[in-house]
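As written, the chains take the letters A, B, C and D, and residue 1 is the first residue of each chain.
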Amino acid sequence: MPTILGQNQYGKAENRVVKITRDGDTHHIKDLNVSVALSGDMDDVHYSGSNANVLPTDTTKNTVFAFAKEYGIESAEQFGIHLARHFVSSQEPIHRARIRIEEYAWERIATSDGNSRFIGADEVKHSFARKGQETRVSQITYDGENWEVISGLKDLTVMNSTNSEFWGYVKDKYTTLKEAYDRILATDVSARWRYNWTSDEQRMPNWEKSYEQARKHMLQAFAETYSLSLQQTLYQMGSRIINSRSEIDEIRFSLPNNHHFLVDLEPFGLKNDNEVYFAADRPYGLIEATVLRDGVEPKIPVDMTNL
Amino acid sequence: MPTILGQNQYGKAENRVVKITRDGDTHHIKDLNVSVALSGDMDDVHYSGSNANVLPTDTTKNTVFAFAKEYGIESAEQFGIHLARHFVSSQEPIHRARIRIEEYAWERIATSDGNSRFIGADEVKHSFARKGQETRVSQITYDGENWEVISGLKDLTVMNSTNSEFWGYVKDKYTTLKEAYDRILATDVSARWRYNWTSDEQRMPNWEKSYEQARKHMLQAFAETYSLSLQQTLYQMGSRIINSRSEIDEIRFSLPNNHHFLVDLEPFGLKNDNEVYFAADRPYGLIEATVLRDGVEPKIPVDMTNL
Amino acid sequence: MPTILGQNQYGKAENRVVKITRDGDTHHIKDLNVSVALSGDMDDVHYSGSNANVLPTDTTKNTVFAFAKEYGIESAEQFGIHLARHFVSSQEPIHRARIRIEEYAWERIATSDGNSRFIGADEVKHSFARKGQETRVSQITYDGENWEVISGLKDLTVMNSTNSEFWGYVKDKYTTLKEAYDRILATDVSARWRYNWTSDEQRMPNWEKSYEQARKHMLQAFAETYSLSLQQTLYQMGSRIINSRSEIDEIRFSLPNNHHFLVDLEPFGLKNDNEVYFAADRPYGLIEATVLRDGVEPKIPVDMTNL
Amino acid sequence: MPTILGQNQYGKAENRVVKITRDGDTHHIKDLNVSVALSGDMDDVHYSGSNANVLPTDTTKNTVFAFAKEYGIESAEQFGIHLARHFVSSQEPIHRARIRIEEYAWERIATSDGNSRFIGADEVKHSFARKGQETRVSQITYDGENWEVISGLKDLTVMNSTNSEFWGYVKDKYTTLKEAYDRILATDVSARWRYNWTSDEQRMPNWEKSYEQARKHMLQAFAETYSLSLQQTLYQMGSRIINSRSEIDEIRFSLPNNHHFLVDLEPFGLKNDNEVYFAADRPYGLIEATVLRDGVEPKIPVDMTNL
């Protein structure tokens, strides 16, 4: 046979599961988008179409919903661990399971202020508005022995309206950019961090707390860094997390430089003293890098968009 | 000539203007997407291509950026009023100007907690994260005499995890739906409300406060209504605003019914006690209606998506 | 009651129905996205939540799929006519039905050339690739007596790489644009045309042929017009359709001016002889107008995006 | 230092360059979206913010537009090769350049039929409509010595309305799916193939012809395969390309299973004889695999979405 099969995986993608937990009148939401990818002894289904080793993608979907009931959803990571373990442990032909999860955050709608005179003074505990800020992401991979957990976030748009410069760069024959000594620095943060928890023998991190802390450190580093380049800011964001969170060994960023161009108002007899900007769409700078704990081997893929 | 020209308008759409105001070290952001549409004596440009009456769309773009400097951006509505007045007043062939604005909200990145030991105790006042929840919208129209201001929001996703029923409906030969006595009610609120301010003689509303209050009343009505239909909830949301805000006379809603289907877990020997839901994409119910102050003539277009 | 209900409508939106017709081994596809909006005696469901007059949106969905079997899908317009008639005729409280349809075109995958030596010489008649060009749209409205059919298309991206100028426009203090004597003219055509078929007594147009012809005339007018403004081109596109198709009385266009800016290559010692362009995203000019058969009353809404 | 820098790259993403070539009155278009990513001695800019080794992303943008003039755009691949060679050869600190290109196809608007009586009989040779079907993609990487060219396409939606089955699969306690003996098989093809051209010493492939041929073989394999699983179809599509095109050694597919569910019409007294389908959005099966020439080492990343 002149052609052969290489790496392959399959499963049901984007299972939108919402779990409501009722604690008396107080409800809690977990809102996830779960994608399952399984690998193993799958040569036959590719070569001949025999499905003898294939657990249907429809079954992987059912399992996601059933596990939301059986195990609850304590955190995206914990939920993914239950699922990955199940597929690898229960199906002999499946050697590896990768669970990817997006999580959407919700906040309570406040009702108990003085304005709620219309119906009653009682606070409503089952009403929510979707926060709409970043999407939390996680990827849990299990091969029957070792775990890999990579978590992070995407679409967190941030801006520093000052304390950013850009000068002293290489100039070649195609360079026309003017140096900037006070510019806006804005980006949509996409970050993935890898936990050093890899085995059931180790103590598991507190996934919810770890996420909140990593997010906070990253944002504070963004805000507090006086920036000479977006690369420098990126590195500060990453090293702040590594230095603050011992459970995290590696972090990868993909940061578009959301250009805000100072508008030239001189033709209209006006001076633009860093006040009026045009927010451009395309093209944009794109800065990507990994920050690692010293001595650690990098494992997060360089093209991580799919996570 | 067997064909004639009907209603027409033109201008530059989606001017992305960001205005930074510096109050010492404390910065403030206004982040708008401004679209200009002008109408008037425009027969010639359509019939013969003569641009003698045409102020270029590029000029309308320049005006948006120049006015951000000349007038500042106190509110989207006030900014749109400056622009609309300018086009109609300064260009004889232009008889009507319609300014549409989207506004994106930002919040400060907190830096002054105990964790910010890395750089200093000072709080950073120029760092922001985009809130990412609803988009605020406004449309300001001026014909040289009267104003029409329609404001609102879109993409505000909300959910009640209980206190919603649906039963007692018509059953025909195509009806298979089972009645529901405890369901999730979720929607992406798109709302437009019309102000009764129409003339420079009247006292102008406080646009920022009015927006915050209308949003709050609408959310509280959503949370506090025990719902027998999404239509009933819609009407409560609208009448709450009309009853609470005397400056608003009319409100139009477009509310998709974001179906959350209770997953049947019985095949797996599990009972789903209103816990595990599948969040569906398409199709979705779509409920649209106008709520009016009694005696007032409706003016918000029925298809308002473009606003 | 200080607030009252205004115009309202409801139904299931975006029912994605695919109909396969088998003519021996030769298959045919119709691929539609159907949205139902019903109006009538709906005060109670808004005021009190009583669903006694409400045919569930779920039932309107079932009807779409059942009718694809019962009537087939000869054309989007004919399918919408069946649906609209059914809802108004069969449900006393429903006084008006509006059916909106998007249609996606498919083409056959060619298999019978010499390269298909692998399997056999027979042409495959059940394999299709989605064309992916414009989306055809239609809106059918029925009130029990009269019909209104508005059809059209969206997202048809076209470009003239020459024969377009722009000069002789108004210059005010905010004007910086330079006149252009050979520019690219590009747009994403969004067009809606209204048929003068309004009654079952009239002979119904051939919807499929009318669409193909209107599209062809519009594209030819775009290609053949030497343009001094996008408004002029728009008018030519509209009047060509009105003059060529007696079944169409009115057409509305929404045409973004997809700016292609000539890149300044002089800093690199290069001359850009109308060769290299930057295709910009935002902002863009937006030109909208209606073209009418003389003597006819315009009925297509000015903001037609929702169609 | 407890943290270190790992893999990193930077450049200007999504440069939208349109090149018009005039051959008398006959014009030709190339419409590309070009993204540049450079790597090399970039430690300083991350650690200290020194830009001494940084060619600005703005300069990489200028280079894209200047090269469109200097070299023309013969093919996306050839254009990327010019760019990658330039960055690595001209800038000592830059050791690797990766150019990613999306290409959008256009077709001529036909004008010379009998209907074009309005203006003249001449065919217009400068008017185009965007085809809108698949997006062609390419990634060219150069490290100063070796080349890697990975090309392909995305968003090519295809469907077989018969000749697809799915049965004989594993059944566990979460399996509810019924076996299917005549189902719709539909997917959005995303494919990336790697050329075995790696050195300036080798004869370069004809990129345009190779793309057309690979696309054709892939589509024919999709159409002609009687499918027992989407995996089987995928493998046939890949091996057909490898067997037909000696310049291609490896191909990776990511194929969503675009579910078309047969609608149950029995409640309405109707029989659905494989005629009426509901086209679902989420969740969807996702099938991904690599097909290789025997003996070749796989190099296309498993998560290739970013290409």
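Everything that follows uses one rule, which is that a contact is a pair of C-beta atoms (placed from the backbone, for glycine too) under 8 Å apart; a residue touches a chain by one contact, two chains touch by 3 or more.
Protein names from UniProt, one per chain: A, B, C, D = Uricase.
These numbers come from a predicted model, not from an experiment.
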item: Interface with more contacting C-beta pairs, comparing B-D to A-D; value: A-D
item: Euclidean distance of C-alpha centroids - chain A vs chain B, Å; value: 28
item: Between chain B and chain D, centroid-to-centroid distance (C-alpha), Å; value: 37
item: Chain A and chain D: spacing of chain centres that average the CA atoms, whole Å; value: 25
item: Chain C: positions in contact with at least two other chains; value: 15-16, 62, 66, 174, 176, 267-268, 281-282
item: Chain contact topology (line, ring, star, complete or other); value: complete
item: Chain D residues within the chain B interface of the complex; value: 173-174, 176, 267-268, 281-282
item: Contact set on chain B toward chain C in their complex; value: 1-16, 35, 37, 42, 45-59, 61-63, 66, 90-91, 93, 166-172, 174-177, 227-229, 231-232, 234-235, 238-239, 242-243, 250, 252, 256-257, 282-294, 298, 301-307
item: Complex contacts: residues of chain C adjacent to chain D; value: 15-22, 27, 29, 31, 62, 65-66, 68-70, 106, 109-111, 115-116, 118-120, 124, 126-134, 155-163, 184, 216-217, 219-225, 240, 244, 260, 263, 265, 267-268, 270, 272, 274-281
